[in-house]
Structures are given as structure tokens and as C-alpha cells.
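The two complexes that follow have chain A in common; it is paired with chain B in the first and with chain C in the second.
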Partner chain A sequence: MLAATDIFTASFTWLIDDWGKLDTWIVITGALAAMACAIPGSFLVLRRQSMMGDALTHTVLPGIVAAFLLSHYLKTTGWISTDPADPHKAFDATSYTFMFGGALLTGVLTAILTEWVSRRGGVENSAALGVVYTSMFAVGLLTIRLAADSVHIDPDCVLYGNLESVWGGSDQVPRAAWVSGGCLVFNIAMAGCFFKELRISTFDPALATTLGINATLIDYALMGVTAATAVAAFESVGNILVIAMLIVPAATAHLLTDRLWVMLLLAAIIAASTAAIGHVMALSLPPVLMAPFAEQPLLSGVPIDSLDASTSGMMAAAAGGLFVAALFLAPRHGVLVRIGHRFRLSIRISAEDLLGTLYRQDETSRDIPLQTGRRTFAQRYATWRLRRQRLILHSSGQLELTAAGRHAARKLIRAHRLWESYMARHFDVPADHLHETAHKVEHYLDPELRDQLAHELDTPDTDPHGREIPDD
Partner chain B sequence: MSPVRPTATVVRPVIFRHRWLALALPFALAMPSVLLAAPGPSGHDHPVPSQVTTGTSGTSLSDNRFRWPGWNKISDTLLMRQYNTRIVLLGSILLGIGAGTVGTFMLLRKRSLVGDVVSHASLPGIAMAFLAIELAYPGKGRSLPVLLFGALLAGLLGVLCTIGIRRFSRIKEDTALAIVLSVFFGIGIALFTIIQKLPTGQVAGLQQFIYGQTASMTSADVGLIGLASILVIAVSAALFKEFGLLCFDEEFGRSHGWPTTWLDLVLMALVVCIAITGLQSVGMLLVVAMLIIPPAAARFWTDRLGSMTVIAAVLGGLSAWLGGVVSSLFARFSAGAVIVLAGTLFFLVSLAFGTRRGLLPRGLRQWSNNRRIGRHDLLRTLYEMLEPRLESSEPDSSDDPLADIHFASDEVLSRRSWTRSRLSRLLDRATRDGLLQAVESGWRLTASGAAEARLVARNHRLWETYLILHADIAPNHVDRDADLIEHVLEPDLVSQLLETVSARYPQMQMPPSPHPLEPGT
Partner chain C sequence: MTDGPQTATPPPDEHARHPSSAPLAIHDMTVAYHRRPVLWDIDYDAPPGKLTAIVGPNGSGKTTLIKAAVDLVPRASGDVRFFGSAYHKVRHRVGYVPQRGSVDWDFPVNALDVVAMGLYKQIGWFRPVTRRYRDQAMHYLERVGMADYAARQISQLSGGQQQRVFLARALSQQADVYLMDEPFVGVDAATERAIVVILQELREAGKSALVVHHDLQTVPEYFDHVLLLNMRMVATGPISDVFTPENLRATYGGKLALLDQVGHRMTLNQGRS
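This part shows the complex of A and B:
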């Protein structure tokens, strides 16, 4: 393990000059915490309970405080022994046990309370969540203040995390890495063991219930695990930024795939890379951004290279960046892909419409006005492309079909008129209403469907308007 | 095709008649705020630190003992003798009122958590505004209006991002909210850590945007909050009908040509305004709570939008007052958290006692309903049981022959699947209501009991006959349907039914049962 971190460190040294072991441990701890969060987070995203993640990261506060108070009380009364080497150590195994227990309980309690307020009180769900979590957080804050002499919890640390102080400098694996890693293993084991149950209750709770799976129990268990994960992670990434690690990688993965296990895997990979990118950004971005202002009095006396930002903040920013990238570039659900798809479709429809119009013009030897008003970009592009494909010709100020163009146009006209005949036969539509529908459907009838239509209509020669239906 | 703009011919629903009243409200609020925000008699220009607690990040915890406040302190606080107390109370009350007002619309639009997102998303705006001013005018970075302007822009950008993500991807609303909240907040934290490393960036003044420093509120802060609250109330009053439309039927509004998207944005801008001004004085938690809890509590008391808005504003102001008073009485209670818990208290009270939707009134209504249904069931059973004996009975001295027939309780039991204890409960209750009378051989109906029994049985049979005639339901299936409906038939509906059915049973006050009445059916 330690040798591996040396290799890791070496591979980053070319990127940032003074990359040290501390940086490596920061990335590893951050990555473990983020991956641990990504697993329950994926289920939250799919179950549309993302804001529950936000609420849970707040409501664990009273649970932690209560756990601390309890373990403190038990230690002072001597029920459990303290670490003989350091009796005032805040974080030992007992505290951790109590803390996770408290977090689990408050997670479940949040879910139950929200459910109760929203169902019995008839309060809308997100409002119920808001009422419950702000109240519980307020209780936690008050308790911290009231019990300040027995508990030493720094709200700043709870809220922002302090990834930078994760490693003490000894040759040991840092404690936060152990905790986050343990949580990650636990989450993987839980997701693996109850994969089927989780999947069914996520996508179809009613089906899960009929199959004898207790969807409510799974819901509460998920909330408990999420809360415990939040506690494990907040030491490193901070309480409020836990929600970034819960939701953003999972949402990014959701944009990239439609399969649950792929989504979990992708979310974990994205989460891990978020940690690396985030730390590199935290080290390298501030000097780059502030460099133009180096002469300003604002930066006087501050060496520009010494500026760095909080890694957990930058991890959230990096996760956001990856999300935006996926939003635009995702292979199936990305914005760019859909825009491209739509554009290609509009080009095809414009081209086919032009071919159809020219065909009808030849047929009736009448000038049909091609297009009144301004032509769209898609129409102009379609004309250009048809000419390049030698389907139409531009001669003496007129567009004309070539032989190949005529062949292509026949298919379209055939589809159009077959559909008109079909509509006339099977639907009670007046003759002057047939064209509109056929004009839309004609672009989507493939040869097979055209043949099927012709067969069904006993291979008609003319459409309901009396015009000839061309052969393919 | 452009949407048709609403014209004078479109009937606009009159939701709120006394619009001028609502417009007058902000001015009524503004007057005391001007008076109270004036420096106290001792002439403090700046608030002095007093026994009002510091915020959550306060460090002066030398006095650790819990202490009950003395009478002087209580009266000082309640009468707002201290300048500081006055400022803090006034600021939080104004914020509570404003947040309650705009929160009502957000609650009804099921967007309660937008306030949460806005307050988190404003952080990078504050940091960027600070950096920008420091670069342009060194040393002036802590100018509050500019910081708030930055926060406003970032908050609005956050809202637009959620709308964009929801619109252009498969990501659902809740996830979009969570993404914007966390990513913006992360960027904000990253910027703050950079600022902290700068020589001028001793961010004590900026840190308070996260927790808020309720206790160190200044009269300028109160003025700003007051301004935001007045703006919120004025815009809500002016656009009350439009916001109501947005809350209840956005599609309808759009189909009538209302600019719903713009209205939505105006509403969001109001939320951003109130959240941002509240942020720097009372902190994120309190802003979020103030936007959600009072409206959610108000919902229990009324079904009308106008009264709900007013109640939410009042509850917001009340919980701010209560929380402010308690936190200034007890040295270690931080104001933000106590105000939230005061709001929670009001929420719980409303949840229990709210007249429209509260658990207790609803339970009471259900209980009295069940009692009424039990009485109806008993009376109808008695009528059906005694009806065949009417012809054979001798007309007695009393007016109603039905009241002369005596019966035993066992006869009733044979016709209903009631337990003996339930029957005796029903009989006792009916006796207490003056509908029944115990006689030596059992029971008999009183005159009023007989009248009501006739009424119930008639309603039942009218509905049965109606079902048979018009809903084409077989006679042996109508009894159960009629059993459900007979308890809620209004008198004018009964007369309508009578009209409809009288075609078949002319001149009959009491139609015969359309199906055989046998014991146990």
C-alpha cells in the first residue's frame, strides 16, 4: 500500500512541482470518501430523494452530538475505559462506534419524521423535509453550545472538513483514510448483498411490495447508511460538501448510462477522479487565476505560488465541472448529441420535402412555389447537399430533379400517397384533411412498411385524390 | 404563434378584493421600524455588546453555567429597553414576516427547498464581489451592498441553473437542486480559502454569511431587511392574484396568456432577495427555516391563499420574536437556532390544533361524523324493523304511530352485525339525545326520534330508487351504495331526488323499500 502511494506520488510530481506524500494521501482519502458517498448517492438520485441527502448531512449533527455526550458521560463514569495513553483523545474506537450509531439512528429518524409529517399532517413532501431538517439541525447547534464544556466539536470542521490536515507526517495510513475506506467497503458489501432488493424497490416500489420485499425497510436502511456515510466522510470533505459527493457523481453517471450497475461503477470512478482533479485544481488554479493581478496591492506580500484553495471545495467544483461536461457530451442523453440528432432530422425532412415538391412539379408540369418567405438554415443546407449528391440540378434559374433524384423522390411520394390511401380506408377523415398527416408520416415509412401498406391496400394505383402512386 | 394576451374580456378570477389594504401593510410595518431603529436614549451610535448571545461561532464561553434570567432582565427584554435587543428583535421579526409571505407561494408551488439552494448558491457571489472590489478599490471590499449584489447575482444564477438542468437533461428537479446547491457552495468555500490567504482577507466579516451574526446586527442591517420585507410584501400584494394562479394552476394561466415564466422568475427573485438579506444577518439555517416552517404551519389553519399568507407572515414574525426574546434571556442560546425551534414549536402547535388540517380538529370532525353515522344506522334499522308493525298497531294518544311501538334490543341485534356492547352504546347515546326512551318492555322511539328515523329511511330509499331508476343497478345491490351516501344527503338534494322519484311513486311521502327487508340482510 505504502509503496503504491510512492508510485502515485511520483506520477504526479511532473504535474505539480512540490507534490508530496501529503498530497497523495489527501487524494487517496478524498477519493475513498467520495467513492463511499457515490454508492448510496446513486440510489438517492434514482429514487428522487437527492434533497434527502442534503437534509441527512444536516440532521446527523444532533446524532453526533448526542453520541459524543453519551460516550463522554460513559467515560467519565467509568463504564467504558479510556485510552490510557491519551485519556482526552476525542476520536477513538468507542467514539467512532457511538458516532456511527448516532448517525444511523438520526438518519432513520429523519426519514420517519419526514414521512410522518408529510403523511399524517398532509404537508407537501419537500416542505416536510425542510421543516424536519432545519429543526433537527437547530437542536444540534443548540446542544453543541449548551454542552460546549464537555464536547469539543468545532462546527467549522464539521461543516467544511479539513482534508489538508489529514496526514500527520508519519509513515502510517491516516485515520480518515481508514474510516472512509472501511465505509466504502461496507457500502460496496451492502449494495452487493442487497442489489436485487435495492434495484426493485428503487424502480418499482409497488412491485417490490408484491414480491415480498419490504420497500419501507429498505428506504429506512438506505437513509441510515447514507447518514453513516456522511459522518464517515465529513471529517475529510466536510458536512455540507458531502452532499456534493453524494449527488453530483451519481447524477453525472446517470447521464452516461441506463444500467444500474454501470451507473454505480461510473459514479465511483467519477468520484475518485473528482478527488484527484479537485486537489490538482486546488493547488494549481489559484496561482493561475490570480497571476494577472500580481501587481495589485491586494496581493502585496503574498507569493503567488503560495495561494491554494480548499481541496474539498475544489472537489465539489470539479464534480460540477464533470457534470456539466456530461450534460453536454453524454453519448445518449447529452445536450449536444440531442441537438445534433434533431438537426440531422430537420435536414433530412427538408431535403425530402424539397424532393417531393420537385416531383409534384414535374408531375403536374406546374410551378409550385417552393418556399415563400425566408428559408431556414436547414432548408438551405439541405438544398446544397442535394445538389452535391447530384439529386437535383440548378438549370436556368430552376431546380430540377436528376434521374437519381427522381428515384429518391418516388419513394417519398409513394409513402405519402400510400399513407393517404390507408387513412382514407381505415379512418373517417375527410379527403382534404389527409394531406397534413401524410406530410408528417411520409418521412418515417421505411420500404418494409411501404410494402406492407401496399399489400394491405391490395396494391392501389391511385391515392384518394386520384393521383398515381409511383412504384419503388 | 404568440400566446393571446389577456384582454378585458377574459374573466380574471377575483381572489383578493382589498388589494389596497395589502399595499398599506408594508407602510404600517415601516413606521415602527423607523422609530425603533433610531438610536436608543443613551445615544449609542453603534450597538454595544450586551447579554444578547453571540452567534453559533461565538467563542466567549467563559461563563458556562446555565442561569435563569432575573426579573429585570426579563422586563428589559420584553420592553426592548436595550438598543441591541431592539435591533435584533426587529430585524428578525421583519425577516420572519417577509420570509413567511414569500415562503407561502413557494410552499404551494412545491418549491420549498429553493430557498435552501439560493442561500448556499450565493456564497461564490459574495466571494467574487469581495475580490472584484478589492482589486478595483483596495480596502473597500467589505461594502455590504456590493457583496449583497454579488450574492443576488449568484443566487439568481443558481436558480437559473436548476431550471436549465431540469429542462435540458433527464436529471430530476430534486437532483438539480442538490447539484447546484453543493457545487456552488463548494466553489464558494474554495474562493473563501483563497481570500483568507490574502493580506486584506481577514474574513471575519465574510464568515458571518454562513452562520450569520444575529447578535451583532446593526441598524443598517435592519434597514436592509426591512427594505427587502417591504419589497416582498408589496410585490406579493400587487401580484397576489397572479402568484395565486401560478401556485394553483400554472397551465391554466399559460393557456390564458399570462407570462407564467416571468411571474415565476419574479417569485424566485423575491426569494433570492429575502434569502440574501437574511443571510448576512441571521445565517443560512434561519433563512431556510423561515422560508419553510411558518408557511407549512399556516397551511393547517386555512384553505384560503390570502389568509394563509397573512398567517404565515404573522407566525414568522411571532417565532422570530419568541426566539429572539428567549435567546437574549439565556446567555448560551444562539438566536438563529432558537428562532428555528420557536418556529418548530408553532409548527407543532399548528399540526396538532390547526383548525382546517390539524390532527386534533380533523380527528374531532371524524369522531362526530362517526357518531352521526352510528345514530343514522340505528334509526334506520329501527324504522325498517318497526315499519311492518305500523298497520297492525293501534293508533295511540301520541301524534306519531311509530313512536308507540315498543321493541327489545335483541330484535335490533338480529338485523345488524353489531356486537351487544356497540348496540347498547348506540342506544344509550340515542337516549341521551332524546331520540329513544327506555320503557319496561324495552325501548320506544320518542316523537323527535321517530321523525328523524323517517327522514333517514326516506333518504336511504330515495337514493336506492334513484340508483335503480337512473344508474341501472340491480335492486339487491343498491343497499350498500345508499348506505354510504345517505349520511351526506343535503335537504335540497333530497327534494330534487323526491322530484325525480315521484314520477314512479306519485304522492308518496315515504317510498317503499325497493328490495325485501329481511332480518340479517
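This part shows the complex of A and C:
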């Protein structure tokens, strides 16, 4: 593992000049914490309980403070042994175990209390959540304040984390990496073992219950695990980033896939990348952003080149950036895909309309004005493409259908006139109103539907206007 | 009905009146939402090997009846037996098909995944859905004519196709009695025929089904028995005996304002106590 970090460090040194071992450990710890969050976060997003992630990161505060105080009390009274090397150290393995236990319990308690307030108080779930989580957070802050004299807990550290001081400089794996990594392994094992149960109780809790899978129990377990994960990630990335890491990678992954296990995998990958991207941004962005203001009197004497930003904050920003990218680029739900789809459709409609107009022109052997006024880009592109496909020709200043073009146009005209006949048969529409609807519908009638229409109308030869309906 | 809700557990001899062969036997069941009764004193035996329609106006407690039977909604009083046993002992013999609108169709699963959910109990805790179970699920998708859509994400299916996926999932449970909540709502003609065929196949295999149904016209065509419901049981029995204009008028005409009022009083009084 330590050898691997050296390779990691070397490859990033190539990217950023003063990348050191500390930077490598910051990225690794951040990535582990973020991946650990992404797994329960995916289920929160799918359950539409994203706010629960926000709430849990706050409600665990009284839990961990109470657990910490309890372990502190037990240590001072000698019930449990202290670290022999440093008996006055506030945080050791024992107090961590207590804090995880406390977080787990408060997580479950939050879920139960919210359910209870919602049912008893007759308010909706998110309102109940608001009541519970603010109250519990307040209790937590109050406890810290009261206990501040006897123990040292820094509220700032809880809120913002301290990723930058994760590595002490020794050749050992930092403790925060162990904690986050352990939590990640636990969450992966959890999701692996209970994949079916988590899936069914998230998708259809009623069915889960009738199958004998206790959906309520799984709900509480998930809340407990989310709370414990939040605590594991607290120290390194801080409370605020935990919220981002629970929800944003999962929401991004949801945009990208339609399979649950792929979503979990993608969420973890996205979470890990935000750590790397976030730290690189934290190191490289501030000098770039601040350079134009170097001459300002306010910044005189500030060493612009060595400015950096909080990695946690930049990780959240990177996650947000990836989400926006997914919003645009996602294969099915993405904005770009939809725009592309609409554009292709408008090209096809323009091309078909042109073919139809030329066909009618041939039929009546008189010139129908092709298009008055400016042609849209789609129309110009459609004309160009039809010429390239040799469906139309440009001869002596006029557009003409080729044999292949005529064949293609027949299908469209057939669809148009069959639809007019169908409308005239079944609806009381005046003859001069038929064209408009047929003009829209003609583009969507495939051969199967055309045959079905013809069959239902006893294969008519002419449309309501007396014009010939061509064969396919 | 005049003596209101009864004690939670009836004496054992009371149950002697209900045949243990009945796929579903409901004894004096009352169900309340927020202390307001929505179903009063339901006492019902479902006939074995028959297709039964549960019919009644909106808000008459049809869905509640099914949900209370499978313990999804708490009962204020009364007792439910499936084949003579409490529900939690015979879950595997009971297939429940919820309303289509009850789940999030944007969920990242495909049609085959959803059908395989019916097999989860059989697969057991900790074990993954192996090839064998996927093949089984595929078999049930074929039965409802949806094999071509197995890999489709479920929001990409039409309403009728979604309903057929739900039906395939219920079939995969291989239950002996099916409770279906409005399977015919919002489906196309092809799906409606497919569901009817499946129901008939179930009956031929000796299974029973209780189906919440809205379309009164098709009740005699699709079903053998009917349970007319409007907060209380209006009538029950074979279609030919029970599905009469008088009974339908009793079910649909007038929303039994008295029951509603009593329910309201009870809410107020219990709220104060």
C-alpha cells in the first residue's frame, strides 16, 4: 500500500510541481471517505430521503458528544483502560468505538423520532425531520458548550473537518484513512450482503413486508449505517462535505445508468474522482483566480503563488461540477441528448416535407412555391443531405426528385392521404381542415401503421380530396 | 354493527364458523385511519378456487380491505386467516399485487429485476439472484407476453406493460391466493385480455384471486363471485345471486352518511380521552 502511494505521488508530481506525500494522503483519505458515503447515499437518493442525509450529519452530534463524554468518564474513573503511551490523549481507539456506537444509535433514534413526530403530530415527513434534527443538533451544541471545560472538542473541526492535517509526516498510514477505509469496506460488505433486501425495500416496501422482509427494520439499519458513515467521514472531510458526498455522487450516478449495481459502482467512482479533482483544484485554482488582482492594495504582500483553498470545499465544488456535466451529457436523460434528438427529428421532418412538396409539384405539374422567406438551418441542412443522398437533383435552378427520391416521397404521401381518409371517416372534420393534422402525423406513421390504416379503410385508392393514394 | 368495534382477539370457538379451507377468512374486522373507521365489521369467507371481484365506490375501503388482510394496515379489531392460519405463518401462499402507482417507476431496475423480486423469499437472505432465478423470472415474463421487454428500464414501459410486470412478479411468488389492487386500471385492451387469461389459468390451477375492480360492466364476464363493499359489506356471493340492481344501488347509492357521522364522533371523543 505504501509503495502504491509512492507511485501515486510520482504521477501527480508530474501534474503539479510541489505535489508531496501529504497531498497523496489527502486525496486517498478524501476518496475513501467520499466512497464510503456514496454507498448509503445512493439508497437515500433512491428513497427520496436526501434530506435525511443532511439531518443525520447534524443529529449525530449529541450522540458522539455523549458517547465521548461517557468514554472519558469511564476512563477517568478507571473502568476502562487508557492508552498506556499517552494517558491524557483525548481520542484513542476506545473513544472512537464509543463514538461510532453513539452515532449509530442516534441515527436510528432520528429515524424513529421523525416517524413518531410525523405520525403523532400529523405533519408531513420533512417537517417532522426539520423539528427533530434542529432540536437534536441544538442539544449537541449545548452539550459541547457545557463539557468544554473538562474535555477539548472543537466544534469547527466537526463542521469543516481537517483534511489538510491528515498526515503527520511519519511513514505510517494515517488514522483517518484507516477509519474511512474500514467504513468503506463495511459499507461495501453491507450493500453486497443485503443487496436484494435493500433493493426491494427501497423500491417496494409494501411487497418487501408481505414477503417477510421487514422494510422498517432495513430503513432503521440504513439510517444507523448512514450516521456511522457520517461520523467516520467527519474528521477528515467535515460535516458539510459529508452531506455533499452522501447525495451528489449518488444523484450524478442515477443520471448515468438504469441499473442499481452500476449506480452504486459509478457513485463510488465519481466520489473518488471528486477527491482527486477537488484537491488539484484546491492547489491550482486560487493562484490562477487571484492573479488578476495581484496589484490590488488589499492583496499587497500576499504570496499569490502559494495560495490554496480548502480541499473539502473544492471536493464539494468538484462533485457539483460533475453533476452538472452529467446533467448535460447523460446518455438517456441528458440535456444534450435530448437537444440532439429534437434536432435530428426536425431535420427528418424538413427533409420529408421537401420530398412531399416536390412530389405534389410533379403530380399537378405546376410549380408550388417551395418556401417563402428565410429557410431555417434545419431546412437548408435537409436539402443538402437529400442532394448528397441523391434523392433530389438541382437542375436549371429547380429542385427535382430522382427515382429514389420519388420512391421515398410516395411513402410519405401515402401516410398523409391515408390519415386524411381515416380522419374523414371517423371524425366530423371539414375537408379543408384535414391537411393540417395529416401534415403533422404523416412523419410518425411507420409501414406497419400505414398498412393497418389501409386495411381498416378497405385499401382506398383516393383520399377525401379525390387525389390518388400511392402504393408503398 | 350497533355494538361498535370488538375486542382484538376473538375467542377460538368464534372461528369455527369460518371454514379452514377458505383462502381468506375475515372475522369481524374493523379498520380505522387516524382513529376514524373506514371499514366496519367485515365478516367474510372467500370461496376457494374462484375469481372474486371486490366492488364498491371510491373511498369504500376496497384497498384498505386488502392491505389490512396482509397486515400492511393495522386492524382496529377482528382477525384474518388465510387457509385457516395467521398471515405471518402462510405468507408464501399469499400473493399481493399493489396498485401500479405505489412505486417509483424511475427506480434503476429493469423488468426482469422486478419480476425476480417475487422470488426473493425463496432465494433467502444473503444469497444473490443467480442465473437459475433469472431464468425463472424470465419464464413468468414470457407468460404475460413481456419477454421482449426484460431488459427495459421500467419507466420505459407503457402503463399496461408495467401492470403485466407486476402480474408476472405475483405469479413468480407461486401463491395459492392472490390479492390484486386494481390491476385493470389504466391498461390497454391487450393487457386487459392478458390479465383475464392469467386469472382464468390461475383458477384452472385451483387457485383463488380477489381483485379490486372498477368496471361494473365486465364483472360478470371476468369473475365468478363478487364482494360488494361500502365501508361495510353490502353483499357477497356468486355473481348470479348477488350482482343485482338492488344490491348495486345499496352499494353505490348514498354514501351511508350515518356510518360516516358515527366515525367522526368516535374520532372526536377518542381524541379527547
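The rule we apply is simple: the second predicted complex is superposed on the first by the 365 of 472 C-alpha atoms of A that agree within 3 Å, B and C clash if a C-alpha of one lies under 4 Å from a C-alpha of the other, contacts with A are read in each partner's own complex, and residues count from 1 in each chain.
In the analysis below, a contact is a pair of C-beta atoms (placed from the backbone, for glycine too) under 8 Å apart; a residue touches a chain by one contact, two chains touch by 3 or more.
For clarity, every value in this text was computed on a predicted model and none was experimentally measured.
When the two structures are aligned on the shared chain, A:D204 is found in touch with chain C, with no touch to chain B. In the superposition on chain A, A:L260 makes contact with chain C only, while chain B stays out of contact range.
Chain A has more of its residues touched by B than by the other of chain B and chain C.
Shared-chain residue A:L22: touches no atom of chain B or chain C. Legend: residue contacts after superposition of the two complexes on their common chain; A:C193 is shown touching chain C, with no touch to chain B. After overlaying the two complexes on the shared chain, residue contacts for A:Q296 are found with chain B alone; chain C is out of touch. Once the two complexes are laid over each other on the shared chain, residue contacts for A:P286 go to chain B alone; chain C is not touched. Contact with chain B, but none with chain C, is seen for A:M51 once the two complexes are overlaid on the shared chain.
Using the contact criterion defined above for the overlaid structures, shared-chain residue A:L399 touches neither chain B nor chain C, since it reaches no partner. When the two structures are aligned on the shared chain, A:L74 is found in touch with neither chain B nor chain C. Common to the chain B-facing and chain C-facing surfaces of chain A are residues 48, 122, 254.
Chain A contributes residues 45, 48-51, 53-54, 117, 120-124, 126-131, 134-135, 137-139, 141-142, 144-146, 148-149, 155-156, 159-160, 238, 240-241, 243-244, 246-248, 251, 254-255, 282, 286, 290, 293, 296-302, 306-310, 312-317, 319-320, 323, 327, 333, 335 to its touches with chain B in the complex. Of all the residues in chain C, the ones that touch chain A in their complex are 34, 67, 70-72, 88, 91, 94, 96, 98, 102-104, 107-110, 113-114, 117, 120-121, 123, 125-129, 153, 169, 173. Residue ranges of chain B in contact with chain A, taken from their complex: 56-57, 61, 64, 66, 107, 110-113, 116, 120, 131, 134-135, 138, 165, 168-172, 174-175, 177-179, 181-194, 197-200, 210-211, 285, 288-289, 291-293, 295-296, 299-300, 332-334, 336-338, 340-341, 343-344, 347, 351, 357, 359. By the touch criterion given at the top, residues 46, 48, 122, 193-197, 199-200, 202-204, 206-213, 254, 257-260, 262-263 of chain A touch chain C in their complex.
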